[in-house]
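Quick heads-up: structures coming right below.
Common to both upcoming complexes is chain A, partnered first by chain B, then by chain C.
Right after this comes the complex of A and B.
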């Protein structure tokens, strides 16, 4: 009974938050509500027994996306103050048809999934056996790296493409304009001294735990990016123009290492992207974590490089 | 209900009360500073009470230590953000901006 009440509360809260996010009176309000929506969604995933998704939603959906939206809003206020005060929603004649179309698509897919007759003897047991053989205790990480490794590789490629696209949009002028210098508040230094090492510790834990428990490169990368975002906000890291060597290496490390290992195994007669062992999984996941974190921090800084700022 | 459960329920209820009071304060108080005052009480003491209640229910030292860590981190984040908001409001006030 209590469980049902909590579920209904979360479900109704999600709908109300989604509605308020879209029709919000101002863009800023919409962004804040979007973050609250992401956190509530994480709660919903956790209750449905999907801690991997809950972690990803909280770290990426609410945390990093919220930070990116807020920094975009700050730029909008600076460039077009009149536009930032407008309500988030633009009424369009297309809205209703699109909503009906999307709704019916979801309904059809949902019905099709429910109608599928499952044969428990085939895929499920084969996957479970393969996961036991590989030594990956977390089924999500296992399936992602054993069966969907092309998807995972392309996700990293998409992130890189997104960064390159953003880079052409924000251009180099934006990066060159120095961030407004502010005197550092005493408490912020203390916060950074505690939070940044702790964040690195948590990211490493998520990465290593990802093979057995909820976690993995995407969650770890997002958590690591959070400490980078804090450092940029505090002015310890300043956006810099031009792509210098170490951010460029960080950006591409995941894609390069994954592709390299994926191709190299073909020389030994294995199929493309068939990972040779657990060591390769850890290596690739570490590289992917670094690349994801670097991409997100650079997107937040709105620059293609970073340099050390004065503390 | 055992004594532990009664104690945990009392702590959770007290914590909920602090959150309620903090939220009412946030909505009803007139300016930034008094709103922060209301909010930080919920963040500090409310979270402590909820975490203590949950540790009693969890009944393991590991869970209690984790909840304690969560409280300390929440405390740290709440302190610094409240400080930054108050500082920003004060700077705006002295620069002649609107409150």
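Right after this comes the complex of A and C.
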């Protein structure tokens, strides 16, 4: 009974938030509501027993995306003040048909999933057994790196492709990047001195925890990216024009190391991408975390390089 | 007793969130919305900690840790940006 009450409250809250976010009375209101929606969505994932998704939703959905939209809004205020005060969206004539279509699609898929009978003897149990033998306690990390490793490799490649696409579209324009305020906001230095080391600690914790419990490279990378975003916001890291060597190394490290190890095992007669042991999992996860963090920070800064800014 | 107390606490905190949502939705100033969104974050941390105990899912404490950190980032994105001094009290 109380379970149901909690779930209904979260579900109703999500629907209300989603509605309030898109009706768009003002842009800023929509952005704040979007962040709040992300937090509530993470609560919903937590309630459904999926802490991995809750971590990813909180870090990327609410944190990094929220900061990105706030920064974009600030820039809009500066360059086109009249547009920032306008309502975000006008309702399109297509809105109702699209909503009905999407709603019925969700309903059909939901009903189909409910109707499917569970077969007890599916691959899941065999995988769970094999993972216990491999020493990876977290089934999600295990499946991502041992069974779906090509998918995971390509996900890292997609991130790199997204970064390259963004660079190609926007070109080198330093004016687009978030320039910090000339006057130092009080307490920002003290906040950074506490938050940035803590973020690195949390990211490492999530990465190492990823082998036993929810966590892993993607969540840790997003957390690490958040500290980079903070440094960019505060002007400690400034966007730079050229692609210098260490950001380039960071961008490609995960992809290179994963492919290298995946190819190298073929020399020993193992199939492509069959990881040789737990050490390889940790190594690849660490490299992927660094690459994911670097890609997200550079996408946020809107530049292909970073340099130290004045404190 | 404790089995009933924890869900009751979660429901109480969720109702608090609903009250906070009114302030986010109605504003009127940007700072009102942002502050209530940050309070929203604090309440969700409390909810996650209780859920971790109630659902026996310790990993949710990591999520709570992350929420605390994100509040700092979002507030810095809001306050630390270059802006005109004129837009402080403006309604948006």
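We adopt the following convention: the second predicted complex is superposed on the first by the 290 of 311 C-alpha atoms of A that agree within 3 Å, B and C clash if a C-alpha of one lies under 4 Å from a C-alpha of the other, contacts with A are read in each partner's own complex, and residues count from 1 in each chain.
Heads up, the rule we're going with is that a residue touches a chain if its C-beta (ideal position, glycine included) is under 8 Å from a C-beta of that chain, and two chains touch if they have at least 3 such contacts.
Predicted model, so just to flag it, every value in this text is computed and none were measured.
> Given the touch rule stated above, what does A:10 touch, chain B (first), chain C (second), both, or neither?
Only chain C; A:10 stays clear of chain B.
> Tell me which partner A:162 touches in the superposition: chain B (first), chain C (second), both or neither.
After superposing on A, A:162 lies clear of both chain B and chain C.
> For A:272 in the superposed arrangement: first (chain B), second (chain C), both or neither?
neither
> On the superposed three-chain arrangement, identify whether chain B or chain C touches more chain A residues.
Looking at chain A, the partner in contact with more of its residues is C.
> Could you tell me if A:191 is touching chain B, chain C, both of them or neither one (first, second, both, neither)?
In the superposition, A:191 contacts both chain B and chain C.
> Could you pull out which residues of chain A sit against chain B in one structure and against chain C in the other?
The overlap between the chain B and chain C interfaces on chain A comprises residues 185, 188, 191, 195, 198.
> Mind pulling up the chain B residues that touch chain A in the complex?
Per the touch definition, chain B meets chain A at residues 73, 76-77, 79-80, 83-84, 87.
> Spell out the part of chain C that touches chain A in their complex, as residue ranges.
4, 7-8, 10-11, 14-15, 17-18, 21, 24-25, 27, 30, 33-34, 37, 40-41, 44, 47-48, 51, 55, 57-60, 62-63, 65-67, 69-70, 72-74, 76-84, 87, 92
> Where on chain A does chain B make contact in their complex?
The touching residues are 185, 187-188, 190-191, 194-195, 198.
> What residues on chain A touch chain C, complex-wise?
Chain A residues touching chain C: 2-3, 5-6, 9-10, 13, 16-17, 20, 26-29, 32-33, 35-36, 39-40, 42-43, 46-47, 49, 51, 54-55, 58-59, 62-64, 66-67, 70-71, 74, 77-78, 84-85, 178-182, 185, 188, 191, 195, 198-199, 202, 205-206, 209, 213-215, 219, 223, 226, 229-230, 233-234.
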